[in-house]
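Letters are used for the chains, namely A, B, C and D, taken in the order the chains are written, and counting of residues starts over at 1 for each.
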């Protein structure tokens, strides 16, 4: 039995990947989570210039539904500064996926070119952040834009390109097809869902940016559905990476059965002992594989179809 | 295991039931929380939401009967807005977050602080004086000038009742001796033959100085410092803006209180912190 | 202090409305919930002909996130049979909104005309059910179709027309504008989110229809966001009716502050004692109004903007 | 209050650990549930998911040490698929749903059933024989023919041990007396001078007949009937396909067991039920 996980041309030691934006702002937390046992880590989404993001409150938990809402809003140091962190990660052999975002094709291209000299595992294109006034959300819902960006970037690097999809669309298949036609190497779904919370005492939205994105257990049935629908459409023609509300090893299996080749975990790792959580996930996955006589992760992928 | 995740919630709206000027530009608040049975420990903090303005971390200065005590020092827009709040107003509280001070028995407890760093130390003092296994409890407080000394009356009163030894100083000599808390601290450590633990909360540069002093004394068996000079968003370990290099420890859950062994591994300590963008900034 | 709630030209005794599909298949449950204290009730969505809906399992709870998933899929007796139930409701003075669905304009029109002789409170157009293979979902994401249907039906009846929006779209504002331009009298948001659950033991989707819609607490932050966004766009030019994950009186207030004039409650009433739940909701709303010195529901509407 | 909502979950996967032929086309299953401390009461039911085929309600025939006993009679595709399941297979269970039988003290307990209606009555019998406050426990079972009698050996055995009185009959006289259970029931009621409660589970038309009989006897202090002839989707009160007119009671949460007072208010009783479309169908 092996946990080694294939995502297109890439192999990682197990199917767990740290999702973008969670413990991903500095090399040290990324390194720590990798040491904690995940197969790979995705950085916070990195843009052209440094950004403060949105005012606080910008992240809080909704524990009644085992979830979180955030409006961090792409706060990041800019790719030039972030090179320093990437350099350390690469030097320390941490399988790193750099998430990047831009307002348009040219921005994406500039960032990619500014980072592509590092042997990172992949670039993940965040076309889907719902927390910026412009940019992200528009691009990720426009299939023509998605196609153009992916095609352009694909021509500029040999490093695999992953496209992260937003669930805030009428037809994810259309967007996914654009990304696949553009030449992307994997699809990641899902990002957070547009959401907000209002405090009834003060009659105000709680988030500093008012609106945010919902992550955590609440969105798991939605994420599983996205992966299932995408697998129905593409089968094994493009690797799918599931994300959204994975809070246990059983949830990982559910995503794999739906069609994912690997998964990303965010909110569940925002706890005091993320290392324990990762170990616990892995032990559950192993137990499941043993009991169900699976020899490899890829055998589980798509099993519910 | 599942229950371990996301133990916290959205801001709970607490009502301000008391507000007292503590010293210059610093107020003490009592906030009634709509919860039962949540316990706080000295060194822990909360995220304080001033509705419509900002949310930021503040240390717990006390917690009893669901009433939370905070001490807020004016800094910028967020703290200014909080200082403008009055009895009856609602503010949001998330917490209690972070690790607390660990207090061994039969030692000297040396609490060294300045500015709003005094808030967790007040809570710690309150807890320590209720115990009978201390060699001594000593407070070393320093400030620029007398009107900036937090909890002055309260600490003097405890000193007079012999519950603590209060060593106080100011930069300008307007109260206590003229100079830094380190003077009295070093004097004590040189003369003492019994084991001491240092609990320090204040500007990180000051803490770094004390850390280097403490390391020189064998009778200092541990130093616990509260790293409060870090930008925080979530408070529960998800965002990583508060993290330190190279360990990746997040101040909000792995700290804010770190011990000697941990502090030695934190290369940032007293050197740099991350801004809200994730960029580094020299301290 | 009064709970009387205005939705355009209609007054109901309080802002709580039973959502479509929950205890709405027969006159007797609708009557019971009205007797239990809500302001009005919406029937299960009624179509042209009788439909069996989807195979079981077709509804179950996800109690970890205080939610439910369903793929009932518009099972209904057809409008001709359902006339009998509507007749009793109307005779008993139950303020009834009849939810109708169709595959196209003509179907909608036929159903409306088959029921419009009853003095019902309103018709709610379900453009958004995600559980049918064709029909529903396509219509609700196509702004031109929405405009045409609403305009046509509006010309055929004096009874107010409400349009129920799906959250499974890229841009709800566009659809809402089409409905408003077509002449609708209120917008209802949201319906369930596309979702699914897979059992990892048997490696099968649990729902008989495989895919379903997520309702309950998990979707509340999403529903609140929809109402907030719609109110931002339309302010008080069109009444908004909030739905999605309302599990308490406080949740009702949150929706009102976001911009709703009234709310619909579904999943929360699928309990042993719905009457107690309704009473509890109402007592919480009254308490809030007293403490915050609100004299009427409409004063709360939009308060978070 | 909040905790009251959605007390139930997705199907919990239980492993079949025993399967025994009970009578013609009817099997007894023991299913090991992955839960602790969930208690079932006689009269309650579960939603049984036969993966990939169907989910439908079945009465609880027993529950001990997290092991659930079910008795399944072949009807159509769903039950047929269940009967094809074997030891080691997984099936999904949601529940326990619905209201149970209420059993007063110092009365005659008259349990009348046929077909799969015997399953809740078996569970009820098990519970009653453990008590010592009964005047008598009497089972009235009827079936078309001997090979259709459920729990025959088990009930005969209890009868021999004097724990119950077992009145058994068949339409064709192949076992017990020839005729309907109502014959023995009426005979008992006519002769008895002590109070009785009737617990009835079986085809709704049969129950209606018994209800009309029971009303004639003053010593019948209550009749509790399990309405199992209704289409169910959710099992927890959300869908309303199982509801009765004109009260709007949902069989799944307000029933399936109803008492005399309630049955009198149900105008559908023995008359019609709703189909999966919501249309009415005569019973």
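Heads up, the rule we're going with is that contacts are C-beta pairs under 8 Å (C-beta built on N, C-alpha and C of every residue); 3 or more make two chains touch, one makes a residue touch a chain.
All values reported here derive from a predicted model rather than from experimental measurement.
S.K.: Along touching chains only, what is the step distance from chain A to chain D?
M.R.: Contact-graph shortest path, chain A to chain D, evaluates to 2.
S.K.: What's the distance between the Cα centroids of chain A and chain B, rounded to whole Å?
M.R.: Here the centre of chain B sits 36 Å away from the centre of chain A.
S.K.: As a quick test, compute the distance in whole Å between the mean CA positions of chain B and chain D.
M.R.: 64
S.K.: Return the distance between the CA-based centres of chain A and chain C, expressed in whole Å.
M.R.: A distance of 33 Å separates the two centres.
S.K.: Counting only residues that touch at least two other chains, what does the list for chain D look like?
M.R.: Where chain D meets two or more other chains at a single residue, that happens at 2.
S.K.: Identify all positions of chain A at which a residue touches two or more other chains, and write them in rising order.
M.R.: In chain A, 62, 64, 66-67, 197, 204 touch at least two other chains.
S.K.: Indicate which of the five shapes (line, ring, star, complete, other) describes how the chains touch one another.
M.R.: Here the contact pattern is a line, an open path with two ends.
S.K.: According to the definition already given, which pairs of chains are in contact?
M.R.: A-B, A-C, C-D
S.K.: List the residues on chain B that touch chain A in their complex, please.
M.R.: Per the stated touch rule, the residues are 1-2, 4-11, 13, 47, 49, 51-52, 54-56, 90, 92, 94, 233-234, 236-241, 243-250, 253-254, 274, 276-279.
S.K.: Show me the residue ranges of chain C that touch chain A in the complex, using the header's touch definition.
M.R.: On the chain C side, the touching residues are 62, 64-67, 69, 141, 168-171, 193-198, 200, 203-205, 210-211, 214, 217-222, 224-225, 228-229, 250, 253-254, 257-258, 288, 303-304.
S.K.: In the complex of these two chains, what residues of chain A are touching chain B?
M.R.: Against chain B, the touching part of chain A is residues 21-33, 44, 50-53, 55-64, 66-68, 70, 72, 75-78, 81-82, 197, 199, 201-202, 204, 206, 208, 216, 247-248, 266-274, 277, 280.
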